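Order as written gives the chain letters A, B, C and D; numbering starts at 1 within each chain.
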Amino acid sequence: MTTALLIEQGLNGLQLGVQLFLMAAGLTLVFGIMNMINLTHGSLFMVGAFLAATVLAHTGSFVLALVVAVPATALAGLVLEAAVLRRFYGRSHLDQVLVTFGLIMVINELTRMVWGNVPVPMALPQVLSGAVTIYPGVTYPSFRLAILAVGLLVALGLYVVVVHTRVGMWVRAGASDRAMASAMGVNVGLVFSLVFAAGAALAGLAGIMAGPISAVQVGMGEPVLILALVVTVIGGIGSIKGALIAAVLIGLADTFGRVLLPPALGSMIIFMMMAAILAWRPRGLFPVHG
Amino acid sequence: MTMIASRAATAALVVMCGVAALALPHAARADEPIKIGFLSTFSGPQGQLGQELFDAFNLGLKSTGGTLGGRKVELIQGDDQAKPDVGRQVADKMIESDHVQILTGIVFSNVMLAAAKPTLDAGAFVFSINAGPSQYAGKLCHPHYFNESFQNDMLAEAMGIYLRENSVKRVYLMAPNYPAGKDFLAGLKRTYKGELAGEVYTAFGQLDYAAEIAQLRAADPGAVFFFYPGGMGINFVKQYAQAGLMDKVRLYGPSFSLDQTILPGIGDAAVGSFASTFWTEDFDNAASKKFVADFEAAYGRLPSTYASAAYDGARILDAALKAIGGRIEDKDAFQKALESVKFDSIRGHFKFNTNHYPIMDSYLSEVIKDAKGRPTLKRLELIKADQADSYAAECAMK
Amino acid sequence: MTLAPAAPPRASSATLIGIAVLVVALALVPTVSQALGNPFLIKIATRIVIFAIAAVALNLVLGFGGLVSLCHAGLFGIGGYVLGIAAAQLDGEVSAALLPATGELAVVLPLAMAVAGLAAAVMGVIALRTSGAYFIMITLAFNQMLYYVFVALQQYGGEDGLQFNAALTLFGHPATGRVPFYYGCVAALALVLAGMQRLIASRFGVVLRASAQNERRLTALGIPPLPYKLAAFALSGAVAGLAGALFAASQSFISPSAMSWVQSGDLVVMCVLGGLAYVAGPVIGAGAFVALEAVLSGWSVHWQLAFGGFIIAVVVTLRGGLIDLVRIAARGGRAS
Amino acid sequence: MTAPLLRVRGLTKRFGGLIATNHLDLDVGHGETLALIGPNGAGKTSLIAQLQGDLTPNGGSIAFDGRDITGAPAHRRARLGLARSFQISSVFPEFTLTANVAVAVQAGAGHSFRFWRDAAADPALVGPARQALDSVGLGGLERRAADVSHGERRQLELAMALAMRPRLLLLDEPMAGMGREDSARMTRLLQGLKRSYAMLLVEHDMNAVFALADRVVVLVAGQAIASGTADEVRNDPAVRAAYLGKR
């Protein structure tokens, strides 16, 4: 492998990782703070992509698509939370898995009824449709660089919000001790709704960023959901830092595994890595609780 | 104790109700409608393909007045969820519970392999409008098994012929790591015979191809031949174009990777790539023009190559049954009628080979934008007239 | 008798009667099927019984051990491939160094159980280091590895799966006749249910159920939970392997798609749908799942909308699964 | 002169920068009831957890009946006769009271790889379990542990500890969260048990401590700052300053 190719594949791995992080961040927050396994996270990813593709098709503006679809996905998340999921915070993980499993089926079929079976086109934004030379011999698609930038910005933003703001303090308080947080005057229900909406917005954003490079179709959320779950547990449930590091790790392992290993092993590499890491550190790389 | 008993009774009830709901009394008579089991993939990410086949098959039925050989048709729909064992179970149900006489609609080869055996064992016909596994073209060929669409390798072999005859050097091969993917690449290699710049298999259902595309670029090939059906095709072609390779290294594939199941999802990015095919939207025979017009009117989209075969499928059944006065119950007669079927194919030349797979013309086509700005396939040149598959020699019918 | 989930099943003889009634009802299917003139009913009932065995096996660790395993489809598939490979050798299509070429169920079924149980034990040693959601995901990882291994095994059909024509026998008698095979499966389910019922009530079962409730307490009392959880996991895997072998036998076919993680998820859904607290709960879950899937998927291409809605409705309204309906009915009956 | 039943030497436990146990020396004699008192955060529960095996110390040694158990796993210590009742009730909520105690009996009756016989109908388990429940005043109460009152659950904990036929009871705030009446009842109960078992008692209820303890050790910041009879400790100026004075 030449240096140029090594750099390009490294960028590919990093970009895939960052894309996974966008998904895993919301998942790990909801999982860690509300102790809720939310399998509909993949559905929100899909809804974000479909909404953006529709806005884009009607207006031709990618920015407008972002501006409309991200809040709309957050709203969809809020509705989902208020209508069904809220009453499952106190239930067992199994019940959560089952109800969200049922919701996946329902949301998929509803999406199919609205948008049909045929994959929906979603073009690249004009400014980002080219490629940039970043090293002699390495040209890289601008849009993928944009994904990289967005992902890193989100990571930075999450860090600032969670660690340095009042809202972040509430979130952390709500996560560690609900009763205590309520006593301190934090509206835990509101905080949970906010966190859920934020997670949904991130999933939607991930879907929108994935739209131009992949097929916008029913069922597009589930493969990504599995990878995001892998990232979440490798990083340690509830840890944003862990999610970022695990996502990049998975992105790089997957990219180089696919290129360097025979196909059968290449498909397995992520799962072998997860099994090895959990055997070594049963609570993930950055355990949050206890 | 009462509770225990009623618990068990309710449990039994739940099971029995479910089971009983499947039961339908029956009796087969010749004046009854012909029963066709349409077993296809309707759910999950591949659900689009089943729907495409179903829509086109129904349109074909409509074009024959809703009858086959003058008899009414009862179409029983079933979802295999792209899982072989589910396909086998639903095929069993169609045979034993619905008493279908023909099983059709299957998309995937592995589902076909699982579902065809019990169907044929039960004496019913398998009439494939899509899945074309090599096993049933060769060693497993069966008097009651017909495939009117294609054998997996055929379009790849056609593309191999074109690339060889046009001296395209150092072709780079890519396909998903599953049986049809391997069939397609094997088919290309069978006729291309030139030096390969690389041969890469990716995971089935893979979303991101950036790493493979980087390797591809580094290998500096003369052309790329790829087989990615469905969503994988959309992902790959979009990402290939975004990597700036579309005008540097030409993209060749079978039409399943570049037809109307995929092109709308890609948008303009695929324009300028080439597909081998047995039918395109611009075929100028009357039957084909009617098909495209009717399909667009009925479903508001252009038909794909999948649809073209499904549409022809209904019309083949009609023509064969017409020849024997609709007597599908006479299995030998029906088999002979199918073997020598004459009908007005939208694909132009069509006849069944000795192994009950098609002999037809293959063409090269290019992805262009049509008058309405939609990406479509435009027929360019004939690659091979009366192309047959490569397994017919292994078939000793009966 | 207490109605609490996972409460010690005191009235075990009464519960055994309940299981017996369920089994007798299942045994009546061939008669019903004949009366209706629809032989397919037996096939779908066979599928229900086989998945019921797998779900009951899973529920040993899931409902009673509190371990959410997503690798049971993998173990199910291992059992299926043991039978499939053994039988396919008779056709001369494949060969395997470690497995006998035989279609004798008395040999192959125990073998399938042993291999699946061993695989479960090996995975359990690693997976049981973790707990909770981490356990779910590490078992998912193992399931995916098993899946890709069998996809890669081209000599056994790879993704296409493995078909075989060899006739299966039980103690030398043909075993693949539709009705006898069905009765055999029902008998296997009855044995598994009765065995599980005893197991759950035994000292071993007490430790397993106690570990699901409060592992720390159990340790403080002087019982290390790990060996017991591991034994339960291996046993559960072995029975799942039995179900897989019966599945392969019923179809003369096994493919990797039967061991995908989605299939593992389906087994979990069957357990939760039926009710985790009772040994027979998963039987009801498997029946509802398979029958509903078969009925709904014939109605509409949008069947998953109704199927998903049904699952949501059950989880939202019935905390203990479908078996709760019986409890509600019983309460109503008592009140009147 | 026999060696003490429990002998702790130089025990140290750190949580990051926080020292929970600081080179602690402690002895509990055969048949002795030792009360451990100290302000919140003094490291009492951490100490109990290290003795029982739930936490691994960073340094020092623990010997039980002359045998070093510093590195022994919790279940082995339990078999040797160390029984703990938890500060926050730790029971099997889905089991009945009898079944809860029967698990403790079962733990002392060899391995549990017994797959066939109905444990709930096994007199060898149920008999001693009922006996232990009787001895804590819960006889005849056949309910799920999740459904009984807080006080009853504390009694259940004690019954489970007794059913292990322990040699040393580690009681972590057995009166925590109890009303005055319940506390008094529990105190009487423990007074009755005092003759049969050695006890290490962590408790905030000073009336109970002074009524039960043969000796009192005062723990502050992981160190024993005083030791002696209840009266001696009560009058110790250092203790008054560090602990009693604050209240």
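Everything that follows uses one rule, which is that a residue touches a chain if its C-beta (ideal position, glycine included) is under 8 Å from a C-beta of that chain, and two chains touch if they have at least 3 such contacts.
What you are looking at is a predicted structure, and each value in this text was computed from that prediction instead of being measured.
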item: Chain at maximum distance from subunit A, centres defined as averaged CA atoms; value: D
item: Top-ranked pair of chains - ranking by C-beta pairs in contact; value: B-C
item: Centroid spacing, where centroids are CA-atom means, of subunit B and subunit C in whole angstrom; value: 35
item: Between subunit A and subunit D, centroid-to-centroid distance (C-alpha), Å; value: 47
item: Length of the line joining the C-alpha centres of subunit B and subunit D, rounded to whole Å; value: 72
item: Set of subunit C residues in contact with two or more other chains; value: 151, 304
item: Residues of subunit B whose C-beta touches two or more other chains; value: 47, 51, 177
item: Sequence positions of subunit D contacting 2 or more other chains; value: none
item: Touching pairs among all chains present in the structure; value: A-B, A-C, B-C, C-D
item: Residue numbers on subunit C that touch subunit B, as the complex places them; value: 1, 11, 14-15, 17-22, 25-26, 29, 32-33, 36-41, 43-45, 47-48, 151, 158-161, 163, 247, 251-255, 257-258, 260, 280, 283-284, 287-288, 290-292, 294-295, 297-298, 301, 303-304, 322-323, 325-327, 329-330, 333-334
item: Residue numbers on subunit A that touch subunit C, as the complex places them; value: 31, 37, 84, 87, 93-95, 97-99, 101-106, 108-110, 112-113, 226, 229-230, 233, 237, 264, 267-268, 271-272, 274-275, 278-279, 282-284
item: Subunit B - residues contacting subunit A, complex; value: 44-45, 47-48, 51-52, 177, 201-203, 205, 207-208, 210-212, 214-215, 218, 230-232, 234-235, 238-239, 242-244, 261-262, 264-268, 301
item: For the subunit D and subunit C complex, residues of the former touching the latter; value: 52-54, 73-76, 78-79, 83-84, 86, 90-96, 99, 102-104, 106-108, 112-122, 125, 144, 160, 164
item: Complex interface listing, subunit C residues touching subunit D; value: 2, 4-10, 12, 198-199, 201-207, 209-210, 213-214, 216-224, 227-228, 231
